[in-house]
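There are two complexes below, and they share chain A, which is joined by chain B in the first and by chain C in the second.
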Partner chain A sequence: MIYRASTAEEAVKLRHENPSSVYLAGGTEIMRLGSSAAADVIIDITALPLSDIETADGKVSIGALAVLQDIKEAEVIPSFIRDAASFCASLQLRNAATVGGNFALRRTDSYMAAALLASECEVEIMCSEGVKKMAASAYFDKPECRGLLLRFIVDTKREGRVKRISRASHMHAAVTAAFSGGCYAWSVSGSGTAYGHSRDGWKNIDIKDDLTGSAEYKRYLASVLL
Partner chain B sequence: MDVRTVINGRSSVLSGRGEERLRDVLYRAGYNTVRDSDDGEGFAGSDTIVFNGRLRYSNLIMLYQAEGAEIRTPESLRNGQEISDVQEAMVKAGVVQSAYNAPAAALALTVLLENNPDPSKDDIKEALSGIFIRDAGYEHYYLAVDMVKEKRAKGCIDTPAGPSFRDGLRYVGKPVGKIDGNALAAGDRLFVEDKVPEHTYAMHVLRSPFAHAYIKSIDVSEAEKIDGVAGIITAFNCPDIYYMQAGQGCPEPSPYDRRLLNRKVRHVGDRVAAIVAEDMETAMKAAELIKVEYDPLPPVLTVEEAMAENAPLVHNGIVEYVSGAPDDLDAYNKNADPRDGKVIYQFPLHADIRKNIAASAHGGIGDVEKGFAEADAVVDETYQTSQVQCTPLEPHICYAYMEGGRLVIHASTQVPYHVRRIVAKVCSIPENKVHVIKERVGGGYGSKQDVLVEDLVGYAVWKTGKPICYRNTRAEEFYANSTRHPMRIRVKMGGKKDGTITAIYMDVRANTGPYGNHCLTVPMNASSKTLPIFRVDNMYYDLITYYTNTPPAGAYQGYGAPKGYFAIGSAMGELAMKLGVDPLEMAKKNIVEEGYMLEILRGLGEGREGAVVPVGSCGLREALEKGGEMIEWGKKEISPDPDWKIGKGFMMIQQGSGLPGLDQANAQVKLLTDGTVLVLSGGADLGTGLDTISAKVAAEILKVPLELVSVVSGDTDSCLFDTGAYASSGTYFSGNASLNAAKDLYKKIIQEAALQMGEKEEDLSVEYPGTVVSKSGKRLSYAKLSHDATAGDGRGQLIGTGSFATPNFAVPYGAHFAEVAVNVKTGEIKVLKFYALQDAGTPINPELALCQMYGAAMKSIGHTLYEDMVLDSSGKCLTTDFTDYGVPMIDEAPEDFKAVLIDVNDKYGPFGAKSISEIACNGAAPAIAMAIADATGVWVRSWPITGEKILKALGRF
Partner chain C sequence: MLSKIEFKVNGRNTVFSGNPLTRLIDVLREDLGLTGVKEGCGEGECGACSVIKDGKLVTSCIIPVGAVNGSEIYTIEGIRDTEKGKCLVESFAEGGAVQCGFCIPGMVMAAYALLSENPHPTDEEIRKGISGNICRCTGYDLIVASIRLAADKGGDLWA
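Up next, the complex of A and B:
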């Protein structure tokens, strides 16, 4: 079953009414062969006006439906976040994949998660009670949250760096790591995501072997990339 | 549902299920350039469209989402027969080869140039970043963009796409474009899938979940009750006919060790049942109702496991020989298990299935032990290559039907005549009942040398009478197709301090998987295409190929040579390092040169004694010297970042041009009634430009404009026999057959003209464009000549026939150089420079030759650094999509990438031509391995060479 939500409120309501449901944004993960995002109900949010990238008061607001190509090209966005968007190596995918989708899926090979978490940005979420603002990390830590990501709010002056290690550009990353303003973040393939102000924060991840490499290799990468 | 859209500027209504992939709907609506290579993975880009102004993968868009959308497909780029300047430039640049993705690439570049008329290299990279090109590489796409800019600036394209050779010739050796390039770039309906009408039946193959198991029973009764099921074929009702799927000359050097479906499954994904139904949904529903009872057996997954004492036996059936049976065969078969079926050898392959040995061979020259004793240093190392997949963009596909009591097969194949023979065999019908039409091939690379789907589809059509189309999924391409044989190669090499190599020993242990396709010949190439490049007195090889329960192995561009070169090239580099000798100087000191008698060949025949011949035309030394200059060999490059270390490597390489003594090609050239020319070639053009070669040699001999020559090829009804496009045979064999047919027609033209003109034959000659002239000044056009010959009182149509078989070799040589940077902190690897220098004799299509060198080198870079099929402990393949498997995209292309043709004129090739593309797979692995060792001191002796392996060797973890 596919519903096409015309407002964020409607989308959230549908999400709560359908326990086995998922939001559909760019479709590059949900539509993709072998997607792990299984659900009985799809809530299409592509019609929602959430793709703007705007600045105000030293902050840049990145709509959750902004696609990675727009983020890559937006000079108002801190460069390390734009670099993270460019990790998605295919133009066709970048033209479809949304920043909100990439973050909300919480994949351990996410292009964006490490950079956004390290940026200590905030997110706005539409919940059943209305719009809430919270740290992106707080949202990230609640995968059970059915709220709809509306936008990311990032400090335009934020500086940082991000590094992704994969065998080839289009392959899954073994480790993606980011650092910004004293905050570290790691996404480790098949294992998990960690962030915080400790350089050793990656040790909180139970790192496992997978197709991207051995656990010891990924531990080593997590320890040296930042 | 109906969805209103605007497609290519016109209002259009698309119909289908709302959640259907837009790609499927567009294709069904007639937009056949919107193809699918990845089953919706969002990787390969065949499904690229412009959707509301942006390049998107249409597989990742549902139909309902297209309501009100503006869509642009590659069809928008052509206007009738007129193609766009971007498409024209791509054809001229030589990148339109197998061309499955050519329309998508043209669309991407068109959008780029609309937004940015003067794009940078990075802009072009971005535009093509989501499109996988396997055949021609990416390098000449930059040239194509330059050509578009040139055309827009001055109205024409003057920049040549490559060098020209042989001043006296009009077309041969000139970059004039592929004769079918425009149609391919525009996206004409040229592939098998484009020929399939509505209401064609589907076939689904139920596959084994076990790597090794007996099938105790199969109950299809419930499945057969489903409406729309036309037939189910299993091991219990298929013909009891043994054959093999390798498309090789008959009698084949591969065992007949399978039936269409077997009582024993031998790999995860092996065939269990084939369900023919009105549509795929019905076939899959029926498959779910089939009850299979298995008796699982322990699998054998590596060469080491296969050779272990008391290892489970992959084949333990009755062994038979067509010729050369050993005396003790009855005793050998005493404990055979009938559930395993049979293994039938056409002639001995020195196999022993009771030890999992599929084939073996050995041979050499001199005394290697004496050579090692004379050496100042000896290296003795073992190198491992991984299982890699051809990944043609167009998966294996077959469409077949009955017509007039005959079986008609539309195939994407390299071997139409082997398809005809093998399908006839499994159907127990004579070859005259089978008609194979080779359509355009959307990438073959060896995997379509094997008859992997046509056998089953052909039999299913013959049995059910239904028209059937079958196409592998991308996952099936990985686990149920054919791959490079993984090999473990031990090389022992000794040398003196002056750089002289005193002895080489190779111990090749190959893994053929569950069946013995190419089990002797591919592994043989690891030695037979490497040892003859060395002028060394003492060389010996041992080869044993083992059966295992891994996904099947078979032919892949380069055959066994890329693996052999990885091992022997790495060993040479290690020996040079140990001796303190410059490896390039060592190479120059130990290579063969023209005239050197290749005694080593005596022991390198494939199942028979090889012919000893001298080295023919040879540009090897020039390739080594020129490549060394280009890459500034000996100059140490230092990165400003201390974490990045830079090194250089190289390898000298050779291959063959077809199989002298085994291959044969035939062709006809007809003079049509208006004086134009039709070539009927048995050769199978895979997109490499073989048809263009046939057209060029005919145009050259007959002195007619190239556009007045058309080619029909690979149609078993209308064309004469050809062993097929494999082993780099196309140019040499099929090209020579067309050449001989053109010469025959020339002779007949002169004979007929003499009669029509009342002149002596010796007083006649032919002038461009297609006119017979006499010494007395008379002139007779081909048009009048042919018209009168075919008139009511004429002597009949003029047809030239040519055949080509030869004992002579036309061996291409070359050298590949790499400069590689390695980050010793993160393990990142970048191929900074790659120079491929090759002697292809006279490159008949220089621009296509260059692109094939780029494409093959990219494949080889992929095998060396990224690509890897990974199996779990039960034998299940875990890497069944492009992302997990890891193919090189444009981002992986070396920043400085050059292909150089060394000018050598061969004695035997058509107009001096030799083969071009297979050899280009041989250099990257040893060159990159050597460069990494030069940069880091670490020799990585297994594929893929990863950052993880380097970091581990450096002791980082």
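Up next, the complex of A and C:
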């Protein structure tokens, strides 16, 4: 069953009314190998006006439906976040995959999560009580949240770096790591995500073997990437 | 509630009323018989299944049909008989760009999207334009040369 939401409020209402539901935009994260997204009800949010990238007061607002190619090309976005979008090695995928989907599904091989968490950006989400602004990390830590991610708000002057190790450019990353303004973040395939101001923060992840490599290999990568 | 998903394929209205998470490629190939859309990796990485959705090149194997409600989709069958399509097909043949041919529908779609946006691409821009398309036969040089040929031969066609 599919519903097409015409407003963010309507999308959130539908999400709360249907426990087994999922938001659908580009769809590439839902369909990607290893996706755990499953639902009886699909809430189509593609019609919502959430793809703008705008600057104001030293911040850049990135709509959750902005696709990775638009992020890669937007010079107002800090370069390390644009680099993270480039990790999605296919132009076709970048034309379809949205930044909101890549972040909200919280995959451990996410292209964007480490860079966005390290940027210490804020997010706006639509909840049943209305629009809320919070740290992206606070949203990320609540996978049970049914709110709709509306936009990321990033400091335009933020500098940083992001690195990703995978066996080939198009394959799932073993480790993606980012550093910005004193904040570190790691996404470790099949294991978890960690962020914070400690360079050893990756040690909080229970790193496991998976198709991208052994636990020992990924621990080594996490320790040396930044 | 939407009981069906409505979109256009190659200019024709299409209605789909099955599972919205059905892959777009399966609808195109199996329901609509558009077998020019090839499945390679099934992971959105090889580009063999490339189609144009609302003017943008995308891979149909990793997009659920629920995400294309209201969209306009073009496959190789929708462009091959247009002037631009003929220009590309002739240039690919003339330039010797084709060996096994499996990747070529996707390559042509990528070239079509590229030249429609940028009628006079540099070689680097051509390589970026087909960067999401993998060919295991040719080594790409002849494909790049053929797209350059299509840009030169097509002239105002692409403007």
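Convention: the second predicted complex is superposed on the first by the 221 of 226 C-alpha atoms of A that agree within 3 Å, B and C clash if a C-alpha of one lies under 4 Å from a C-alpha of the other, contacts with A are read in each partner's own complex, and residues count from 1 in each chain.
Definition applied: a residue touches a chain if its C-beta (ideal position, glycine included) is under 8 Å from a C-beta of that chain, and two chains touch if they have at least 3 such contacts.
In this text the structure is predicted, and so the values were computed from the model without any measurement.
Visitor: In the superposed arrangement, does A:L225 touch chain B (first), chain C (second), both or neither?
Guide: Only chain B is touched by A:L225; chain C is not.
Visitor: Of chain B and chain C, which one touches more residues of chain A?
Guide: Touching more of chain A: B.
Visitor: Please work out whether A:G34 is in contact with chain B alone, chain C alone, both, or neither, and reply first, second, both or neither.
Guide: first
Visitor: For A:S214, is the partner it touches chain B (first), chain C (second), both, or none of the two (neither)?
Guide: Only chain B; A:S214 stays clear of chain C.
Visitor: Tell me the contact category for A:L93 with respect to chain B and chain C: first, second, both or neither.
Guide: Both partners, chain B and chain C.
Visitor: Could you tell me if A:T46 is touching chain B, chain C, both of them or neither one (first, second, both, neither)?
Guide: Touch partners of A:T46: chain B and chain C.
Visitor: May I ask you to decide whether A:A56 touches chain B, chain C, both, or neither, giving the answer as first, second, both or neither?
Guide: neither
Visitor: For A:Y3 in the superposed arrangement: first (chain B), second (chain C), both or neither?
Guide: Second partner only.
Visitor: Could you look at A:R167 and tell me whether it touches chain B, chain C, both or neither (first, second, both, neither)?
Guide: Touch status of A:R167: first partner only.
Visitor: Taking the contacts chain A makes with chain B in one complex and with chain C in the other, which residues are shared?
Guide: The overlap between the chain B and chain C interfaces on chain A comprises residues 2, 4, 26-28, 31-33, 44, 46, 89-93, 95-96, 170.
Visitor: Can you check the complex and tell me which residues of chain A touch chain B?
Guide: The touching residues are 2, 4, 26-28, 31-34, 44, 46, 69, 89-93, 95-96, 163, 165, 167-172, 211, 213-214, 216-217, 219-221, 224-225.
Visitor: Which residues of chain C touch chain A in the complex?
Guide: The touching residues are 1-2, 5, 20-21, 23, 43-45, 47, 50, 53, 56-59, 62-64, 66-67, 69-70, 110, 128-129, 131-132.
Visitor: In the complex of these two chains, what residues of chain B are touching chain A?
Guide: These residues of chain B touch chain A: 18-19, 21, 38-43, 45, 48, 54-57, 59-62, 64-65, 108, 126-127, 129-130, 474, 825-828, 862, 865-866, 870, 878-879, 881-884, 886-889, 891-892, 944, 946-948, 951-952, 956-957.
Visitor: Spell out the part of chain A that touches chain C in their complex, as residue ranges.
Guide: Going by the criterion above, the answer is residues 1-4, 24-28, 30-33, 42, 44, 46-47, 89-93, 95-96, 170.
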